[in-house]
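Just so it is clear, A, B, C, D and E label the chains in written order, and each chain counts residues from 1 on its own.
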Amino acid sequence: MGGIGLAGLVAVVEAAPRTGLVDERYLPPFSAMVAALAEQGATAEFWQSLLETLRGWAAGLTIAMAAGVVLGILIGAVPLVRAALNSTIEFLRPIPSVALIPLAVLLFGTDMRSTLLLVVYAAFWQVLVQVLYGVQDVDPVARETARSYRFRPLTQVRTVIWPTALPYVMTGFRLSAAVALILEITGELIIGSPGLGKQIAVAQTSGAVASMYALVIVVGLIGVAVNVAARAIERRALRWHPSIRREAAS
Amino acid sequence: MASLDPQGGGVVSAARRILLLLAVPVLLVAAWWTATADSTNFFWPPLSQIAGTFGETWFTGRFADDVLPSLARLLAGYLVAVALGVGLGTAIGSSPALRGLLEPVLEFFRAIPPPVLVPILMLFAGIGNGMKVLVIVSGCVWPVLLNTVEGVRALDEVLRDTARSYRMRRRSRLIHLVLRGASPQIAAGARQALSIGIILMVISEMFAASNGVGFTIIQFQRSFAIPQMWTGIILLGLIGIALSMIFRWAEARLLRWYTGLRMSQREG
Amino acid sequence: MTTTPVGAAARPESTTTMLDVRALKKVYEGRGRSVEAVRDLTFTVGSGELVCIVGPSGAGKTTLLRCIAGLLDSTSGEVVLEGERVTGPPRGMAVVFQEYGRSLFPWMTVRQNVELPLKEKKVPKAGRRRLVEDALEAVGLSDVHGAHPWQLSGGMQQRVAIARAVAYEPHLLLMDEPFAAVDAQTRADLEDLVRSLWRRLGVTVLFVTHDIDESVYLGERVVVLSNSPTVVLEDVVIDLPDERDQLTTRSLPRFAELRAHVYELVQRAKSGQRPAPQSA
Amino acid sequence: ACGGGQTPSAGPGTSSSAGSPAGATTVKVSVIPIIDVAPIYLGNQQGFFAEEALKLELVSAQGGAAIVPAVVSGQVEFGFSNFTSLIVAKSKGLPLKVVAPGAGSTGAQGKDFGGVVVKADSPLKSAADLAGKRVAVNTLNNINDTTVRASIRAAGGDAKNVSFTELAFPDMLAALDQGNVDAAQVVEPFLATAKKNGDRVIASNYVDTAPDLTIAGYFTSQQTATAKPDLVKRFTSAMRKSLKYATDNPDAVRKVLLTYTKIDPALTGSLTLPKYPAEITSQSLETLSKLAVQDGLIQTAPDLSGLLP
Amino acid sequence: MTTTPVGAAARPESTTTMLDVRALKKVYEGRGRSVEAVRDLTFTVGSGELVCIVGPSGAGKTTLLRCIAGLLDSTSGEVVLEGERVTGPPRGMAVVFQEYGRSLFPWMTVRQNVELPLKEKKVPKAGRRRLVEDALEAVGLSDVHGAHPWQLSGGMQQRVAIARAVAYEPHLLLMDEPFAAVDAQTRADLEDLVRSLWRRLGVTVLFVTHDIDESVYLGERVVVLSNSPTVVLEDVVIDLPDERDQLTTRSLPRFAELRAHVYELVQRAKSGQRPAPQSA
């Protein structure tokens, strides 16, 4: 099913330059991108870059998820903390990672830690906000059940708050996975830490349009793969949730 | 807790709210202030110096020339993104088949970084305001879209059955069931989109811009006007706070039923 | 203790058939767990009849109702309503769900909840207003129009759901334990409300209940279901006078007889007894 | 020939020469992977840095936003930048020191490695015609717009109301094609691509600004310069050798490009290489500084001698 | 028809006081709508007593229970449990909520739902296992351990919630219409389960029900509430023998008397009658 959608996209990208809808010097047909990709795929540098990107992305995403979930639950579950931190969060959240680049470089130079900082900073908020909304979604009767049996705070988190917030967390994961990937690539591109982004940048400054899009396709496919994985996890972890229940039944 | 007398309670709780609202920011600003007080680091100027340049940086012409155009583009992009995200998200959330078809394509585009996406957008949208609005849309739409999809999918089955059994027409089912039911989660997405919108407002002004907050910040950054750059970052944060306050006001109105429902049994 | 166990064919009045449930079977398929909720249900309901359904908890009453309402696809067999096979919710039907709390729109006030289906039915504004007010009045909730469902007690929520169905003036009314959450006195009032509505509008009613007295008091027939996997254990005709009244009817000897008979059936159902090969 | 701008440009991170001696000092240099820095790659290949007991680590970045803080904080020892950026930085009080030249204009009108191009059918004939037009530059308020203005003034035009639009080099030709801008200031390899497309070069802005304009160079922080004078000396010396070698061996330059850029090999032959000067002419710096003041990038000219070694 | 309306002070056995509800008042404050759910409730429950509470729908029974459970702050008045003022859920309490469906965690299986509070109570694994199995067995659900709540019928869900409370072996058991969704036979079984549990464990039980027969059959006392804003209309002592049995007890003349008395009280409550100045 999803294959059909992607095939449609491929067809459009192939046809648009061929029919002159866009100039193929600026957007080459899909086949040219694939040819360039094949060429890239033959180099060790490409695979090395891919690995670097995946590594930086995974590290950043993991840190952001962990911090976002833990802090989200802490802040969300304690109304007082939430009220106290609201304005601070709102202040920090819209500060773009790109504005932080000089500071990141100042702290960590141009190696991957600078990029990691940007990735974590940008991805963290996505998770945090989702968790905050998720925590708020706890059914009052479920919460009272937990309270009446005097569940310890940690048990309440584990058995009531976490499962309720889980659908939100999954969405947060999907959002932050993409943002992390974007910032990883952007960081590599601007700061020059190793990875696919740097390859993209080199292709751009070299005017190698097809190569550039070939790399972009790889980035896009990483995004698609992440989503497939997220959906698979979701089908297992949210088996009880109405959204999965219904679709499993039909 | 419950025995506070109502009049006194109002004053006390208002004072408490203000205290809660300001305590942490005041502490943080104080910490920043003292930590940088004798800073000689070029990139970490004293906060006093930053505060000193704030007014002249932003309120001597730049407000109208840079801040307002940015906010206008942000508003346009944000509204389009929310409309698009809710519309598309409702369709995708209601139809597993459509979701299967479109999701991979959307996920593909979602992973493309703006520095790569923007040149493509420029091929179709030129380099004017339209392009910048489009850049904002291209980033803001995702949290709204994803959350709408999930919110629609998660609708209560009994409510769904109720609507079906009364043969509610497509339109009213959409308005009275689907959108309202998904609205808490849509709000989560719209909230996310707000700050992402501000970020993309900055990013969009890195391309072919000649005015705007983001443009100005980048110019400061490149010309090593570091205190001014910091004022820009602070301005973004303040814009974030202001917009989120507006957002929360609207959200509290639209989701009054939800807060009531969720809180109803915490303290009646 | 004489009762007349009768098949659907032998129903006293030969009205036109409204509903025809034929060899209905429903198996819930789940990962690992597959439950045969309903094995083989066959019965008919005449137009304008009021039929009660009783059976052990978990027998499949709700499942049956949802199949009839066109909300659930059966595994095999079919439901025919006014000559047409049910594939989706039919026109002019109202359902009171067992999960009354979840069937009310929390973002709407009580009034809006009751009014919405009428709007859908394109009832003009003035008529709508009257219907809503009458219905809420009838269930004893004239003073909570503006409240949201979650501000109401359980019984009040249930009555809102009933008011919504009543205001809708359906042809076919399906009620799944609609009075479970209300007090005895209100329950009696609501029973009379259903009876009067039924008589006034000629609506066909399927009424699931656990209260055996209630089933006998309300119904023209009581269909007793076996325990799961479910078949019809007996279709009891309630030959009480049409004009019923909480005091007199319930004190009739025939009422006690019928009541005892149904009670015994339910007990047998619960203990696992199943009918002889009667459905062949 | 690039600002500290947002050109997305980076290249293979590190490339160290074969056979650097065991006791070599590791030195990190942050560069923008464009043809301007070919000599350092080439010199590294040739072992000029190893000769000075330096083990080179080339870190590529996109521009000043990343390079200057890295140098100032000592995360890297040296960086590459255009001089206008350095002049601006200096004027804001950043403690920087230029240690070696990097790249400069060829000085040949119409045959420079950067210039202003218009579409083949454009009515614009010379820099003077750019008055009131939209011109794409890769970084606003930097070397390219100031030199284009200088070019216009040199051609007798009015430089006041040119409207510059910031676009990344890779996006300029498309914007030119679609009529979003009237002209674009491009450098190689986009200049070669533009010519191939049939676009016309109407001005060589670097040439028009000054004869033998040195455009960019390598710099370090005052702190590093003071603390490690010997390291700076060795780097400068190796850099000079590299620049000289590059000037003498243009074919080797074209070849080394293929190791750190993705420029189409078919195109490298037709590229116009910049000049790789052996010395920084303080005159170039003065010219650029004057332009920066004139165009309002900075209020007052900094003390240029403090910038030079 | 003679019954003995007695105040709390005159309770037959002078056990130690477990629960003391004093001048309890609860006003729900909402935007625009402020509802005085409970006006002035005063009664006590002795340790190990089984007290039923009946009253019109919306009278504030659930509100009362939630105040006692420490889940809701009262507007004024207080609840004292074993000598201590209730400010949060006390130790050793179990509640069966009226919204049984929403009180089960959909992400857990039936077994996990029942087991969780025991884990929290640090019951060792073997004991937990036995308690869970016994409780599920007792409510007639030994075969659905692995199912999720949403795969069960309404009545089955309700029984899971009961099993959870029963397995917990609480000191204080609060039940809010716990049998509303089960059939007559199961209901009778569950009534006996509660009685036997109560006698075996000496647990104090507060039982809200709409079924008047049930309240009389189960309780040692039946507290009848007025309609909203609520006060105690009457505290009826059920002087039936301690050993109760569905058939014999229900056919006692005294049972019929008490039943009729409570019924009449509920009817009076519904019609708005309030007690004379007795709570001063």
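Methods note: a contact is a pair of C-beta atoms (placed from the backbone, for glycine too) under 8 Å apart; a residue touches a chain by one contact, two chains touch by 3 or more.
In this text, all values refer to a predicted model and were calculated from it rather than measured experimentally.
Just how many steps, at minimum, does a route from subunit A to subunit D need if it may pass only between touching chains?
1
Would you kindly count the fewest steps from subunit D to subunit E, each step being a jump to a chain that touches the current one?
The fewest touching-chain steps linking subunit D to subunit E number 2.
What's the farthest chain from subunit C if centres are computed as the mean of the Cα atoms?
D
Quick one: report the Å distance separating subunit A from subunit E, using the average Cα coordinate of each chain.
Roughly 50 Å, centre to centre.
Can you check how far apart subunit C and subunit E are, centre to centre, with Cα atoms defining each centre and the answer in Å?
A distance of 28 Å separates the two centres.
How many angstrom between the C-alpha centroids of subunit B and subunit A?
Inter-chain centre distance comes to 17 Å.
Distance from the CA centroid of subunit A to that of subunit C, rounded to the nearest Å?
Inter-chain centre distance comes to 50 Å.
Could you pull out the residues of subunit C that touch at least 2 other chains?
30, 99, 102, 151 - these are the residues of subunit C that touch more than one other chain.
Got the subunit B residues that touch at least 2 other chains?
43, 115, 119, 123, 156, 206, 221, 260-261, 264-265
Show the residues in subunit D shared as contacts by 2 or more other chains, in ascending order.
Each of 6, 8, 63, 65, 68-69, 72-73, 168, 170, 174 in subunit D touches at least two other chains.
So in the complex, the part of subunit B that touches subunit A is made up of which residues?
Residues 17, 20-25, 28, 43, 96-97, 100-105, 107-116, 119-120, 123-124, 142-143, 146-147, 150, 153-157, 184-185, 187-188, 191-192, 194-195, 198-199, 202-203, 206, 214, 217, 221, 229, 232-233, 236-241, 243-245, 261-266.
So in the complex, the part of subunit A that touches subunit D is made up of which residues?
23, 25-26, 45, 101-103, 105-111, 188-194, 197-209, 211-212
Which residues, counting only subunit B, touch subunit C once they are in their complex?
So the residues of subunit B touching subunit C come out as 156, 158-159, 161-162, 164-169, 172, 176-177, 180-181, 183, 257-258, 260-261, 264.
Where on subunit D is subunit A touching in the complex?
Subunit D residues touching subunit A: 6-13, 28, 30, 33-34, 59-63, 65-66, 68-70, 72-73, 75-76, 168-170, 173-174, 177, 189-190, 193, 197, 260-264, 267.
So in the complex, the part of subunit D that touches subunit B is made up of which residues?
Residues 3-6, 8, 63-65, 68-69, 72-73, 85, 88-89, 92-95, 139-142, 163-168, 170-171, 174-175, 178, 180-181, 297-298 of subunit D touch subunit B in their complex.
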